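One chain, chain A, appears in both complexes that follow, with chain B as partner in the first and chain C in the second.
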Partner chain A sequence: MTTQTVSRRLAPLRRWNSGGILPILAVLVVLLVLVAARQPDFLSPPSLMSFLGRSAPIILLAAGQYFVIVSGEFDLSVGSLVTAQVVVAARLIDSDPSRTWPVVLVLLAGGALVGLVNGLITTRLRVPSFVTTLGMFLILVGAVYLWSDGAPKGGLTDQFRQLGRRAVEDVPVFGRLPYALLVLLVLAVAAVLLMRSDFGRTLVAVGDNPRTAQLSGVRVWRTRTIAFVLSGLAAAVAAILIGGYGGVSFQAGAGLEFGAITAVVLGGVALGGGRGSVVGAMLGALTLELLFALMNFYGVSGALRPSVQGAIILLAVAVSARRFSSR
Partner chain B sequence: MSALPLSPARRPVPGVFVALGLTLAIGWLVVAIDGGQLFNQSTTVSLLHVAAGLGFVAVGQTLVILGGSLDLSVAYVVSLSTLVAAETMNGSNAALLPAIGLTLLVSAGIGLFNGLLVTTGQINPFIATLGVGLLLKGYLDSRYDGPAGSTAPALVQTLGYQRVGPVPLSFLLLLAVAGACWFLLSRTRFGHHLIAVGGDPEVARLSGVRNDRVRVTAHVLCSLCAGLAGIYLASRLGSGAPRVGTEGLYDLESIAAVVIGGTALAGGRGGVVGTVGGVLLLAGIDAIFNQLAVDAFAKQVVRGVIIIAAVAVYARRALRKADR
Partner chain C sequence: MPDGHPGALLALRGISKSFLGVGVLHEVDLDVAAGEVHAVVGENGAGKSTLMKIVSGGYAPDAGTITLAGQPQVFGSPRDAQRAGVGIIHQEFNLLPERTVAENVYLGHEPVRRGLVDRRQMLASTRRLLDSIGETALPADAPVGRLSVAQQQVVEIVKTLALDARLIIMDEPTAALADHEVALLYRLVRRLQEQGIGILYVSHRLTEVFDLSSRITVLKDGRRVTTVPTADTTADELVRHMVGRELSHYYPPRATPQDIGEVRLTVRAGANRKLRDIDLTLRAGEVLGVGGLQGSGRSALARALFGVAPFTAGEVVVDGTPTRLRSPRTAMRAGVAYVSEDRKGEGIVARQSVLDNALLASRAVFALRSGRTARTVRVRELLAAVEVRSAGDQQEIRYLSGGNQQKVVLARWLAVNPRILLFDEPTRGIDVGAKSAIHDLVRRLARDGAAVLMISSDLPELLGMSDRMIVMRDGRIAGELPAGATEEDVVALAVGTVRETAA
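Then we have the complex of A and B:
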C-alpha cells in the first residue's frame, strides 16, 4: 500500500524509475556497443535486420506475456502452446500447399481458444493463474505427444515457412526485410496502440488494484480473460514464425515461457501487475536475444550460457528493485 | 492479490485424502477389470518410491509457499546434490557421513542465497529462484555430460533399497521429515511466524515478526529437503545424475503437489499433511496408469486436469466460506 501511494506521488518521476523504459534502453545500448566492438559487421543493416527477424517470436511472446502480467496474472503455458501449434500445423498441413492458409487460421483460433480457457478458469473458477497455466502446460505437452504418437508427423509447406525464413530482398538502405520483422512491426504498433486505448488503461488499472477497478465499474474478469486470449494469439503467431524458421520438433517452444517472463521483467514490468509498458517488455526480449548473440560472439560455451543469463537477470532485477525501494 | 478474506490458520484435514481414496479405489477397480492387481508388492513398493522422491522436494516447497515465496531452483538443487553426494562418496562407505554432510551444506547454502535474494535483494521469488536455477543449470551443463561418481554401497543398500514389509525405508524417512515439518509449523514459534508472514507480511511485521529471517529460514529448509531428495536419488541410481531433477520435473511437480494438497499459492494457508496427500495422489495416478499400460503422455494430460480441478474445488470452498 505505502509503496503504491508513494509511487503515485512520484508519478512524474515514474518514467525514470521502475516501470520506465530508460534502464532497459541503457542496457540495450551497452550491449550494442559491446557487440559492435567485437563484431562490427553485426550492425550492418542486412545482418541487423536478420537478427531482428529471428528475434521476432520471442518479442511477440514477451508482448503477449506483458498483457497477462500487467493485469496481475502469469501465463506459463505459452512455451508448450508454441510446441503444440508447430506440431499440429505440420500434421494438419501434411505438405499440402492448399491447406496452408486454412491451417494458419486454425492455429490462430486454437491459440485464442487456449487463452480463453486459461482466462475463464483463472477468473471464473478463481484458480491462481500459475496453477491454471501450469496445468495447461502439462495438458498441452501430453496431448500433443499423445496425438502424434511420440514423433512429429507430416510436414510444413514452403508457403507456411516463408513467413519465418524468407525476406523482402533488395530493399534500399536496409538490404533485406524479413517477413517476420514486418509481422513484428505491425503487431508491435498494434500492441502500443492497444495499450494507449481505453482497454490498455483498464488492463493496467486491473493489475494495479483489481478491487478499485471493480468498484469503478470495470469487469475485471473480462479484462483479464482478454489478456490471456491476447497471449494465446501471440503464441500462435510466434509458433508460425518459429515453425517456419526452425522446423518441426517437440522442442520448438521448450522454455519459451520462462524466456518471455524474464524478458518482461527485464523490461521493467512488475510481476503482480499494474506497472510497466509493453515497449519495455519488447525491448526486454530484444535485450535477452542480443545477450545471447553477444555470448556467441565472445565464445561463451553453450553450456555456460544459462549461468551468464541467470546472473544478468538477477543483477538487473536486483538493481531495479533497489532503485525503486530507495525512492 | 486475491481479495478473499483469510480463513483461520487451522483447517480440517484436506479433501485431498478423499480424492486419494477415491482415485485408488477406482484405479483398483479399473485395474482389476483389466485383469491386473494394483496393490501387489512390487507396484506398492514402486509407488512409495516415486512418492518418496517427489515427497522430500514437495514438503520443502510447502514451507516456502506457506511463507508467500516459491522455489523454482529445486530441480537443479536435486541434480547437484546427487552429484555432490556420489562424487564425494566415490564408492566408499567411509566417506558416507562426510558426503551427506557436504551435500546438505551445499544445498543449505543455495537456500540461503535464494532467501537473501528474495529478502535483502527484494527480487520477486519467481525471478530470483529461476535465476539461481539458471546459474546451477549452467554449472551442471558445462561440467557434466552424464552420470558421475558412485554412491556408497551402504547407502544404496539402506536408503535405496531396504524396506519394512512393502514400505521402503525412504518413504519412512519422508514421513519422519514431513512429521518434523508438521511439528515445526503447528507447534513452534517459527511455524506460526511463517504462516503469519505468508498471510500478510505487513501485519506480521507490525506484530514484531522478523519477516526476512523467517523467509530465509524457510528457503534454507526447502533447499535442505531438495538436497535430501538428491541423496535419496543418488542411493537409488548408484551414481550422480546431472539431469535427474529437471527430467523428473521436480520444480513444477512439487508445486503441483503442494497446491493439490490444499496449500494456497499466495501463502499463509495450508500444511505439509495435505502435501503428502498430494504427492501420494500424483504417485497413485502414476501407478494406475503404469498398470493399465496407458501411454505415458495421457498421464500428463490427466495430471494437468487434476491439478486445475483440485485447486478449483479449493477456491470454490474458500469462496463459499467468504460468503458469510
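Then we have the complex of A and C:
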C-alpha cells in the first residue's frame, strides 16, 4: 500500500509532526496524477475551482466531525441534520427573499442547538455518543417527515442559493471562485487557528486521556460538548451550501455522516481520539471526493460509492491500528 | 522445617520470576502440608502476589519446580492448576450476581444429563459441599447478588471444592469482610483444615496470621527471608524480617525549624467512603510523609484533598479560609496540585507533545492569567529547570523515560504556582538518577514555601524525605511519627501490631 510505505518511511518525521498529514498528502498526489492521466481538463483552474466548491460541504462536515472524533466521540447525526436544515430552510423561507438572512441565522442556531443537546446527553447523562447521535439521527428524520407531512414544502430564494451555486467570475488565473470555496477557506483557516488555541490543544488532550485532562483541571464535559456544537454548526453551513447547490429533498444529507467519518479516518485521525489534525481531516474529505471523481472518469458505477467508502474506512482504521500497536 | 516435609502437599523449589528483566522472585522455596495453614507475609512489592499467581497457574515461573502431592507440575494456565487441585480465592470475587449459588459453583462444568444441565444434581451436590463445611444455612438456590460479602466468599470457597481443590490460596481474604464476619471465616478455615486441605494464606494483617497459621513465610524484595513456626515467633520479629535494609541513598537535608512556616492546610474530622476521622495539618516548608499499605487510604487521602473523591464530612481549611475541595478545578484554584501514582493513566497525555503536556493545567484553569507567549516561555524554562531530557519539546511524551515523563508532569504543576503539593508515589518505576532529581525538587519546593504531602511505599524514601510522617490503616490515620523513625515503626503502625498512638 502506498499509504503504508509512505507512512513508514516518514515515521521519524511524524514523530515530531503529530498532525501526520504527509500520508494523506501522498495519497492525494497519487490520485491527482491518475486524474491528470485520464482527464487533464479536470485540472484546469476553472474546473478545479468548481470541484473544490462542490466538495466544500463534505470538507466542512469532515472538519466538524474531526472536532468530535479527536475528543474521543462520534457524531452520526450530521447527515440527517443537513437534511432537516435544508427542508426547514425551504419551508421557513417559502420563496420570500426578505426571510433569507433571518433563516440562515435560524439554521446556524439550530445546528448549534442540536450539537449542544448531543453533547449534553453524551457528557452529562453518560450515554455513549454513538447511541446519542444515532438517536438524534432518527429523531431528526422522523421530525422532518412529520413537520413537512411527507413532502418538502416551500422553496429557497436565489439569495439563499447563491452561496452554494454562484461564484466570483472572471478572476485572473483561477477563472471563477465559487462562494462555497471562499466560505470553506475562511472556515478552514478558522478551524486551524482554533486547533492551535488553548481550546484546540485541550480538545486533543481530552481525546487522548480524559482522566489526565480532568485531573489537570479540564472540564472534560464542557470541552466535548463544545466539539458537538462545532459539528452542529459545520452541518448548518454545509446545509446552506448543499441546499443552494442541490435543492430541497429528503435525500439532501443522506449518508453524509458516514462520508465525514470516512474522510476523517482517511486523514489520519485516530478513532477514539487524541491524534490527528483538522487539516488532515479536511484533506481526507478532499481525497475521498477526488477518488469518487476518478471512479467516475474511469466509468466505475456510482452505485459502488458506499462499498468504496466502507472499504476505505476499514482499511484506514486497520492501518492506523497497526501503526499505533507497532510502537 | 522449611526444607523438610517429605510428605508435603505443595512443594515449591527455587521459584524465580522476572518481568522485563526486573527480578520479582528469587529462588523461593515453600512447603504446605495437608491440613496446614501456611501464611505468607511481606511488604507491598515483596513478591507475594506473583508467587500466588505462579502457584495458581497465572504465570509460569522462569525457574524452579512446583510439586503437588509428590507429582511435578507445569501449569500452562489457571485451568491446569485447577485440574491439579489448586484453588484460589481472590480479593475481588468472580461471581455472577444474577445466578444462583449452585450455578456459580458449577459454572463451566455443570453436571449434564442427556445433553442438558442436570439442575437437580447440581443443587444436591452444592448442598452437600455447603454442608461439608458447616454452611447448612446458606441456600444453594439463592441468587448470589442477594448474599452478604462473607457468604459470597463461602461460595467462592465452595467453587474450589467443587473442583476437588486440595490446596486453597486465600489472598487477603478478610480485606472485604466486616469485623464480625472474620470469625466466620476463621471457622471455615478450620473446617477446610479438618478435611486435609492445605491453605496458603496471604495477609497484611498479622493478627489473623497469628490466629490461623501454623507456619509463616516472610518474603522481602522477592526473596524468602525465613519460614518459622508461628508459635516460635512474635509480631515484632516478623516486622523486623519484613523490613530492615540499609539506607544507601542520599536524600536532601530535611527542613530546619526555621524553614517551617504557617499552616497551609487543616483537615478536621474528614471522612468519605474510604476515609474516616482524618485530622491533619500541613505547614509551609515541610514534607509530610504518608505511609501505609496499599488500600489503607493513602491515595484516597490525596484524592480527597485534590477533590477527585472529596471528603463528604468534616472541614477543610486552606490558608485560613474554609474551603470545599469538590473537584480538581476548585482544588487547583485553592492552590493544590496532585501528582497521581498512575502516571500513564492519570499523569500524562501520552500522544501529545512534551510542551502540550506541560501546558495542560495552565491552559485549563489559568488560561487568562498571562499572555500565551509569556506562558510558553515560562513553561519552557520550567522544563529546562527540572532537566527534562527529550528530543525537543515537540516530541510526544510517550517516547520519554518514566523519570522524564514525571518531570514534565512536575513542570505542568509548577507552572500554576501551587502552594500545596500532593505527591502519590512520585518515584515509582523511575530510575535511580531521576529519583534523586525528583527528591531534590520536592525538597526545593518545600524550602520555597510549599506544603508537601508525599505518599510512598518505598520505606527508605519515606523515611529519607519526610519531616514528619503519618501512617494510614483501614482508612484512618493509625499514628504519626517524627523524622528519625525507623522502618519498623512505620510497618508496625501499618499492619497494626501496636495500638494507635495519639496523633
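One rule holds for everything that comes next: the second predicted complex is superposed on the first by the 284 of 327 C-alpha atoms of A that agree within 3 Å, B and C clash if a C-alpha of one lies under 4 Å from a C-alpha of the other, contacts with A are read in each partner's own complex, and residues count from 1 in each chain.
Basically, contacts are C-beta pairs under 8 Å (C-beta built on N, C-alpha and C of every residue); 3 or more make two chains touch, one makes a residue touch a chain.
Since we're looking at a predicted model, the values are computed, not measured.
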(Q) On the A-aligned overlay, A:P102 touches which partner chain: chain B = first, chain C = second, or both, or neither? (A) neither
Q: Tell me which partner A:V317 touches in the superposition: chain B (first), chain C (second), both or neither.
A: first
Q: For A:F258, select first, second, both or neither according to whether it touches chain B, chain C, the two together, or no partner.
A: first
Q.
Applying the document's definition of touch, where does A:N209 land relative to chain B and chain C: first, second, both, or neither?
A. second
Q: Mind telling me which of the two, chain B or chain C, contacts the most residues of chain A?
A: B
(Q) In the overlaid three-chain picture, which partner chain does A:V131 touch, first (chain B) or second (chain C), both, or neither? (A) first
Q: Could you tell me if A:P306 is touching chain B, chain C, both of them or neither one (first, second, both, neither)?
A: first
Q.
Taking the superposition on A as described, I'd like to know which of chain B and chain C A:R219 touches: first, second, both or neither.
A. second
Q: Go through the superposed model and pick first if A:D198 touches only chain B, second if only chain C, both, or neither.
A: second
Q. Once the shared chain is lined up, is A:G274 touching chain B (first), chain C (second), both, or neither of them?
A. second
Q.
Going by the contact definition given at the top, which residues of chain A touch chain B in one complex and chain C in the other?
A. 211
Q) Which part of chain A faces chain B closely enough to touch in the complex? A) 1, 72, 74, 121, 125-128, 130-132, 134-143, 145-146, 150, 210-211, 258, 261-262, 265, 271-272, 301-311, 313-314, 317-318, 321-322, 325
Q: Write out the stretch or stretches of chain B touching chain A in their complex.
A: 1-3, 117, 121-124, 126-128, 130-135, 137-139, 141-142, 202, 252, 255-256, 259, 265-266, 295, 297-305, 307-308, 311-312, 315-316, 318-319
Q | Residue ranges of chain A touching chain C (in the complex, touch as defined) | A | 15-16, 18, 198, 201-202, 204-205, 208-209, 211-219, 274-275
**Q.** Of all residues in chain C, those that touch chain A in their complex
**A.** 306, 308, 328-329, 332, 338, 340, 345-353, 356, 359-361, 363-365, 367, 372, 391-392, 394-396, 399, 412
